[in-house]
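Naming follows writing order (A, B, C, D, E and F), and every chain is counted from residue 1.
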Amino acid sequence: MRVDGREKRQMRPVHIETNYIKHAEGSVLISIGDTKVICTASIDDKVPPFMRGEGKGWITAEYAMLPRATEQRNPRESSKGKVSGRTMEIQRLIGRALRSVVDLQKLGEKTIWIDCDVIQADGGTRTASITGAFVAMVLALAKLVEEEKLAELPITDFLAATSVGIDSEHGVILDLNYAEDSKAEVDMNVVMTGEGNFVEIQGTGEESTFSREQLNELLETAEIGIRELIEIQKQVLGDLVEKIPCSERVGEQ
Amino acid sequence: MRVDGREKRQMRPVHIETNYIKHAEGSVLISIGDTKVICTASIDDKVPPFMRGEGKGWITAEYAMLPRATEQRNPRESSKGKVSGRTMEIQRLIGRALRSVVDLQKLGEKTIWIDCDVIQADGGTRTASITGAFVAMVLALAKLVEEEKLAELPITDFLAATSVGIDSEHGVILDLNYAEDSKAEVDMNVVMTGEGNFVEIQGTGEESTFSREQLNELLETAEIGIRELIEIQKQVLGDLVEKIPCSERVGEQ
Amino acid sequence: MRVDGREKRQMRPVHIETNYIKHAEGSVLISIGDTKVICTASIDDKVPPFMRGEGKGWITAEYAMLPRATEQRNPRESSKGKVSGRTMEIQRLIGRALRSVVDLQKLGEKTIWIDCDVIQADGGTRTASITGAFVAMVLALAKLVEEEKLAELPITDFLAATSVGIDSEHGVILDLNYAEDSKAEVDMNVVMTGEGNFVEIQGTGEESTFSREQLNELLETAEIGIRELIEIQKQVLGDLVEKIPCSERVGEQ
Amino acid sequence: MRVDGREKRQMRPVHIETNYIKHAEGSVLISIGDTKVICTASIDDKVPPFMRGEGKGWITAEYAMLPRATEQRNPRESSKGKVSGRTMEIQRLIGRALRSVVDLQKLGEKTIWIDCDVIQADGGTRTASITGAFVAMVLALAKLVEEEKLAELPITDFLAATSVGIDSEHGVILDLNYAEDSKAEVDMNVVMTGEGNFVEIQGTGEESTFSREQLNELLETAEIGIRELIEIQKQVLGDLVEKIPCSERVGEQ
Amino acid sequence: MRVDGREKRQMRPVHIETNYIKHAEGSVLISIGDTKVICTASIDDKVPPFMRGEGKGWITAEYAMLPRATEQRNPRESSKGKVSGRTMEIQRLIGRALRSVVDLQKLGEKTIWIDCDVIQADGGTRTASITGAFVAMVLALAKLVEEEKLAELPITDFLAATSVGIDSEHGVILDLNYAEDSKAEVDMNVVMTGEGNFVEIQGTGEESTFSREQLNELLETAEIGIRELIEIQKQVLGDLVEKIPCSERVGEQ
Amino acid sequence: MRVDGREKRQMRPVHIETNYIKHAEGSVLISIGDTKVICTASIDDKVPPFMRGEGKGWITAEYAMLPRATEQRNPRESSKGKVSGRTMEIQRLIGRALRSVVDLQKLGEKTIWIDCDVIQADGGTRTASITGAFVAMVLALAKLVEEEKLAELPITDFLAATSVGIDSEHGVILDLNYAEDSKAEVDMNVVMTGEGNFVEIQGTGEESTFSREQLNELLETAEIGIRELIEIQKQVLGDLVEKIPCSERVGEQ
């Protein structure tokens, strides 16, 4: 039994509230246990200078935490005048992950700005951000389709992410909360599509190393969590699900 | 009739949800119409260097907006690497206002960090921040009293703030939403105590000037709104109200 | 009797030396007691990007202190690499105040850059800056008229500012010097036009609050000082006074 | 046949020149094909503030490229005044990787500063940096042992890194040069110990996703390259090799 | 005849007004033609961290221009968030020059902060800064002697600086104004002591090079100007002159 | 005898390796004793905004040290977020020096970016940078001539630089290493052309002053070193030497 009573391969309760922020084209409040993230997707009718004239779109992401999202108050990055390495790493990860399931050619010369703001943190904020941002992005793109600014939804598959880790007590566990994450020997973030393919794997032996066998168990465990997350995405997206060419294997097996 | 159907001296619906963020010593989600602000109060057991050894406490405030709190997405101040003049002005105002109702001597060498993060903006974000932050601060201080780190609540009075303005169509109006604020000729923020005294008055003739008579009407209108806000603060603070030496005049007349 | 022997409603000696800096289109050295500010107005033949094509002009202000303008040396903001909140607040105030008496439409697509550099500080630097900058701006605009780059002076009224405060010993006092300002319980800056209307009121109860009656006395006292300042502006502007549609009430009653 | 004539699982020529910089406690110039990196290890007799008094050491890494290390000149990060997200990501990766094979307790309250400066870039700069920095670090620590500042070498295993990728033409390939990296569909960096365990896996489907089977092939290919790199580390470290408790499996099978 | 009617080896009118800023321990307003600089010397009772405990003092200088000191308005360095290379070069020059005539051992663990703020610029601002700052520094140190914080004036000699240049029309000229400086082929700043020794020579062939013979003529011309400047320093310093062990040769020949 | 056994007017061993970095249009690794600098010249087909349309080219230089180029590790300027005054001074010096021997009109609207990166420092890094950068620049321009992007080499003369100083023990010495530089009383950098003319003289009495006689000896000593450096430049440039209109006097006397 884990610290919060969960089984090793059990996710925390997941809830996604759509259209949480009235101004944004797409938005959600995603909560995974006590981790809560506001994800918004904003549409900008131009692309960054280095992409102009290519007829393709772009997706960029920003991530931040409110100062008191955490146990101890964290100074604001705006007050410090610079963005930390950790924040940049997460922003780049979210952007790459979302771009992998969007047909940028079909999107055309538009930029989707993804903002993930953690209002309460309890582990897994970057994977919750990806999972929530996918829904916000679909909502924003669906709005463009509805307004006839796009012919069809340029989404090629579902996308979700979770964390897995190795704990000296329980071995491989799914969806680590902050207390578990702090003590984990190996920490891995996995981003997968509805098709069951990998988009990104980032595994780190924080205080130790890990073997090939452990890697395999980590990946299998992650897949269980991601399958569950995609189920929940489908529920909140309702009719839009049919417009996404998703696989049967992971999401609906 | 105003754009959203209100009377000239009518506030928008106000709601304060306490203990919104689990990690913070005190926190609220305040909504005034479509303006929503998360206010947290964090206690730090030391004071800034320039105050050490004086036996007095300090209160400092930070304010920010999520990028998509607004109609158009605003670039993050952390990405721009600097805090705007507007943000600094608001932060200084919130800090000054809260310090005016706290007995810093009784607080002792502690700092209260106030964080006001606007998650959705529709006018009046700085006054909503003050009104919400007061409640978050009282909750945090009450926790210190409960944990016997303070002998009594070092609060001297209630505190709330609202905006008033002059509109070419309606004259003096209370609690301007964004659409009204954009068109107002005169814009004034008023911070008042439960006793009915002024803590801060900031009035600006944006596209015009204003006379002494207009000033008087603005101040009377603000007082109506602040009286209402303090009523709501009292409701959500429950039993704590008795521990605040508040006046009868404004809050309960 | 105040610390420097003044009556409660008495200004310090005021002197405005025009054309103090040879390169600037308009410039003054204003001294109010020991407070000395160099104010220059520079004309730029374009407006900021967000205003282009609207046919209107813009006025923007910058404010700084020499490091040793004060009792203790202050580190330069250029060395610290950022502008303080206090500086930004003052810059925004000066800009707003000056814009309230200029017909930006008549000015056309030009920017007036106002620079206020405090070379010696003894309280009231922001109000001295506004009072001096108004004169520098009129001189610069008069030069444009002379050079036939403008048909007429786009000034709608006189403009001056002063500070008032409440002191535990003397009650309401006018034009606080630094020693008085440091001990004041209430501190208020008032910007008024020649017509006697308010442009800006910023009142703060630093260590206390203030009542409606005190507010009224503060405003009456400020008006006395501003009337005097506008008289001095008229003296140094000479023949240009006739080209400004000023009221009789405040300046010449 | 690959663009430079290599087999799919063939590394480019690797050369490590030790003691390249006279001032540094440990240093190498590592070249892998046309990629050349100067790695230095500097010993500092204190740890960062957050670690003081714990009796443990710390390892931190910085990474940079000379402006003309690349095909097109890159502006310096010092001139831009900030470090890019890419640089921060790499710095964090190098630091984590090296810490995984050092017994920080045995190191005691010292910091090892690792500097990796790319003087010529042709793909794989971050993995070359890790592989070279390991050698520089061992040399620096051996010097401490020699000077009797450490009782024994606090190194627990060998460490090297390489990149693998998937190319539409060749499938899985080892040690990508810049031209190959630019066209790869999947890009993966693998850090392994002499024991054959993973320290870090970072795999990204840049323009596509990848299956479990592809992942397996990527990892096997990486292991071949890392085994070869550790052989070369052993050659240049000479007698020091015996003082590192390395495994037989990967390095010497 | 030069553009302003001067002879080739003739200085512009020089005026030094002492005690110009009331708060500073020492201050002057120096004007050399239309170049006007406020120089202040502030005493700080500690030295920078790298010098603590050595029993020696330090002198550091900062230099800035008001935005409208020049023909065209220059953006403030505080607004740009960084100090230009030119400013840094001048600051370092002023500090080095002043340190060369102060016995830092006798000064003891104090820092003299020199601030040179150009309020109007017409060429030669850095040399005017050195010449004026020397006087401000002597005044500040004399105050310390008077207050018995120092036993004697720790000044070893007089110090002044001027510019010389080569002009295609006039050859070698002394004390270039802005118009001359812009067209000069060679530009040289010379800092000398009362003894007639060099402290600093900085000569640059802007659009050309210069021969040994030209160098000799430049140095002789500079000496004439510096001799005159030291005469004026002596006049304004009055009785303090006797306390400075100055040479007869340059200043009083 | 000097600390490293040299005569007073003897240079350290000088070696220039050309085409050191494969991507750069021109590059060298210059070593002067233990001082080693990588100099690259990059060609950009445009000029900075302030020069556009004038038909002239521009040369700009950047200078940096690797953190462990020095005895003690220096924090990176990119990490500190700003470039030091020393760095800026050196960058400006290198740029000015190189521009003095290039016919910018003949170069046309191109920018030459010079990067000087010190990989190991032992005194004289700025003068080694100039001497090496001249060769890198000639190589880059020769490539443009070869590619027929320029009609002829727009170089007007050779250019090299060295340092001289006054040491309490040896008097005037040539080409100071770090140990000598730290103890020198006078430190002077001299940049000269092949013709034997001065481009730049920067002499500073660090802890003392210097007389006219000492200045003469310093300049004669510098000339000996520069003559030798230009000889070496000629050797490595091979056939290109004939395309540079150099003087006989200094380089080949």
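Note that in this section a residue touches a chain if its C-beta (ideal position, glycine included) is under 8 Å from a C-beta of that chain, and two chains touch if they have at least 3 such contacts.
Keep in mind the model is a prediction, meaning the values are calculated, not measured.
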Name, by label, each chain that touches both members of the pair chain A and chain F. D
Under the document's definition of touching, what chains do chain B and chain F have as common neighbours? none
Chain separated most widely from chain C, comparing mean CA positions: D
Among A-D, D-F or E-F, whose interface repeats A-B's (more than half the contact pairs identical)? D-F
Per the C-alpha fit, the turn needed to bring chain D onto chain E (nearest 5 degrees) is 120
Centroid from C-alpha atoms only, then distance chain B to chain C, rounded to Å. What do you get? 29
So the centre of each chain is just the mean of its C-alpha atoms; given that, what is the distance between chain A and chain C in Å? 52
Residues of chain E touching at least two other chains: 81-83
Follow the ring of contacts from chain C, passing to chain E on the first step, and record the chains in turn. C, E, F, D, A, B
What residues on chain F touch chain D, complex-wise? 21-24, 27, 34, 38, 40, 42, 44, 62, 64, 66-71, 73, 76-83, 87, 113, 115, 117, 119-121
So in the complex, the part of chain C that touches chain B is made up of which residues? 82-86, 88-89, 91-92, 96, 100, 193, 195-212, 215, 219
